[in-house]
Amino acid sequence: MPFDHREEHIDDRMLILQANIDDMNPEYCSYVTDLLLEQGANDVYWIPIIMKKGRPGVMLNVLTDDEGVKRMEEVIFRETTTLGLRYLRASCHRLGRELHRVDTPWGPIQVKAGFHQGELVQFAPEFKECEQAAKTYGVPLKQVYDEVRRRFMERSRA
Amino acid sequence: MPFDHREEHIDDRMLILQANIDDMNPEYCSYVTDLLLEQGANDVYWIPIIMKKGRPGVMLNVLTDDEGVKRMEEVIFRETTTLGLRYLRASCHRLGRELHRVDTPWGPIQVKAGFHQGELVQFAPEFKECEQAAKTYGVPLKQVYDEVRRRFMERSRA
Amino acid sequence: MPFDHREEHIDDRMLILQANIDDMNPEYCSYVTDLLLEQGANDVYWIPIIMKKGRPGVMLNVLTDDEGVKRMEEVIFRETTTLGLRYLRASCHRLGRELHRVDTPWGPIQVKAGFHQGELVQFAPEFKECEQAAKTYGVPLKQVYDEVRRRFMERSRA
Amino acid sequence: MPFDHREEHIDDRMLILQANIDDMNPEYCSYVTDLLLEQGANDVYWIPIIMKKGRPGVMLNVLTDDEGVKRMEEVIFRETTTLGLRYLRASCHRLGRELHRVDTPWGPIQVKAGFHQGELVQFAPEFKECEQAAKTYGVPLKQVYDEVRRRFMERSRA
Amino acid sequence: MPFDHREEHIDDRMLILQANIDDMNPEYCSYVTDLLLEQGANDVYWIPIIMKKGRPGVMLNVLTDDEGVKRMEEVIFRETTTLGLRYLRASCHRLGRELHRVDTPWGPIQVKAGFHQGELVQFAPEFKECEQAAKTYGVPLKQVYDEVRRRFMERSRA
Amino acid sequence: MPFDHREEHIDDRMLILQANIDDMNPEYCSYVTDLLLEQGANDVYWIPIIMKKGRPGVMLNVLTDDEGVKRMEEVIFRETTTLGLRYLRASCHRLGRELHRVDTPWGPIQVKAGFHQGELVQFAPEFKECEQAAKTYGVPLKQVYDEVRRRFMERSRA
């Protein structure tokens, strides 16, 4: 029985912010990612690129809705070294999602299930919970992860 | 004498579908690529990215026209682990193209020629045919490839 | 005292030209970058990608305004091996910029400062001038770079 | 019941051959990989690197035993554009391996199991067989793969 | 005044363990890194590679001394999907190191200084402490980082 | 007629120096590369890697003989931010090399030819000379490069 649910939908008001950076200490990257997610970014990712004079740079990418742009810009200009950024328009198609709870020898673990036109097409154990269980019980993470998947599969077949 | 021909043109109805994936067995990538091309994708490529918590992920990119979106989505949601994807609008400028046949010591091999405003700007031997000839005749692939290019150049100069 | 100044602004008429290339001698890349910048490209960068049949290709990206598209295309089709390219619409948000001059033991060196809503958020020594000073005076580049930053910071605090 | 078996062992006579390449058509890569594997390479992989003048090159890596070096060199010098290569000494620790057969709704599929000090630590469905089954039966590849894993896990628990 | 000190030295008993992985959920990477560091690895890093059939894989690299090899192997075989790994011999040249304490408006922050043949060649603020100060005081991380560097430089010049 | 010649040989006294760097301004990379080559490095290349906490770093690689190690270390410690480096032993197999001169419509251009066991296996136009000719005569670089190759091939066939 899912305890959380969202319908499949398409969101047309999304933007991708991009900034090419070749003069920043790469240590900053994960800090910047976390701040952007805290400020409501839908996604943050970095693409390795080769810039002028063959410099190994990174391109910061932030997915946000229109309302979030200002907040994202604040973080990007404050915390990175970029002198500008680009916006690209994008639409996002998001699958229907349900959260399920699966019982395991290491306690209950959530599984996120994805639905396309009403049909189950994805399911993935919540990674953080698997990590926590693996650490607490001293079992390999992959064993926890695989067992959660196995149990979810069995239930879905029933 | 070219035996196939297409005019240079710009196509404004193209879309790039993108999905960031950090929880999929990378072995699936080439299988997914092949399925998408079979379903009519104009191009498929993967970009290595760094995702949340520093995870080495990949971004699937599929170039398609409006009519192909549904079919591409079917494949992406069925065969990858993503819970969503993005669309970006794009226009494609495609060079005029001709296929030529070049005779070589290892049989005829096709060359794809590209034209910009009526002028020859590109030409490339069909890679698969060069591979096949190299295997069949036991010669280095680069020798076949270079020889095809050399012969096409000579003919173009005549 | 800045001797050069530009206001923060957003430019909505920008385009990103993209071409996926898997059959070009990678030596050409920096030559192509330089030609595009000479022709007025706002930025040029290359993204490593994985193409059909798992080929390690590169995606050329050129940021340009509408007026520059024709010139960029000339260079791309003449100098690379691509048979086509894509356009994506983008807006560019550029910080206010000032050039400052900082005196150092190795002569004056410029610093580019970036302003967001009137506030100083970025500053970076001109890299080429730091390189030149490091070579001329036989000091480590990072020492020059750090010293220019330190002096700019002190001045800004005063 | 495994039908194939190899003991865990360490092999001290291995070499890694490396060649940095920045002037080769990247289309050649997979062809070269296949030839090297046919000639008995233990493994072949390519590392994206940045070479002189910021060129995006690739480093070919070939794992081989002493006996194979000559054959590998033949292929590398014939088929790539490199003017030299490096050897690094390496030892290989290989897990004990067993091949198992798992029955699925899409026919039997092999699973390769890995043993460290007598304990099962890895298992992976044979990818090619999963691909074949997915194509033949029109089911998602990930469903085949997951089901094979699920069945192997159940059997191992029994 | 440094409160911690280590002499410059070369350590000849080091090993690099390498495992090429193309069938593992990339989410596992950071978890594996953390476990290896907890078990005493001198360094852990991942290299993006292209494997057989053009699969985008990763190569796990673990730097360890002879004594640590067994513990590293336990983690690698338990927690990743690899069926084997390689050892390469390596020597490590480590600079002399001192930890210094620098007072800032946001409290004291440590700086790690590196010495080559008795001369100061490196210094870097402790990143975690800068992050903590930036979060606590709501200032940009780069401002904290730069200020610590500026103060350390001033002191070194005195 | 070649005007320069070197025999095929294997050099067993080579070392690869490696340093993982995650806190350096990437702008420095090409400057460091140039200094190392000036100091006699046999080769310098950078590998994109993922370091602790998912930071996108780079691994500097310098190929040198025993005599060059001290000079390389001076540059690396002075000019990068690393606190240490690794040495790996390597042998280098270098093809026999000849420099040839090819006449073209844009003047003479050198071709470097590589020989394995007395047989011609490689040839490559000198890139810098092709660039220079392309700029001087306003022709596409690829046309110059291809034409030099074509002429060298014709001559070799004669």
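Letters A, B, C, D, E and F name the chains as they come in the text, with residue numbers starting at 1 for each one.
Basically, contacts are C-beta pairs under 8 Å (C-beta built on N, C-alpha and C of every residue); 3 or more make two chains touch, one makes a residue touch a chain.
Note that the coordinates shown come from a computational prediction; the quantities given were computed from them, not determined experimentally.
Farthest chain from chain F (centres taken as the mean of C-alpha atoms): A. Using the mean of the Cα atoms as each chain's centre, the chain most removed from chain E is B. For D-E, the matching interface among the pairs A-F, A-C or C-D, defined by over half of the contact pairs being the same residue numbers, is A-C. Chain C and chain F have CA centres that are 25 Å apart. Put simply, the C-alpha centre of chain B and that of chain E have 40 angstrom between them. Inter-chain spacing, taken between the CA centroids of chain D and chain F, is 29 Å. Taken residue by residue, chain E touches two or more other chains at 23-25, 27, 29-30, 46-48, 50, 53-58, 78, 81, 88-89, 127, 140, whereas all remaining positions touch fewer.
Those residues of chain C that touch chain B in the complex are listed here as 18, 20, 23, 47-54, 57, 59, 73-74, 77-78, 81-89. Against chain A, the residues of chain F that register as touching in their complex are 22-27, 29-30, 46, 48, 53-58.
Listing the residues of chain C that touch chain E in their complex gives 50, 53-56, 121, 146-147, 149-150, 153-154.
Only residues 14, 16, 29-30, 33, 37, 43-48, 58, 61, 63, 88-95, 97, 112, 114, 116, 121-122, 124, 127 of chain D touch chain E when the two sit together in their complex. Only residues 25, 27-28, 31, 78-81, 127, 131, 134, 140-142, 145 of chain C touch chain F when the two sit together in their complex.
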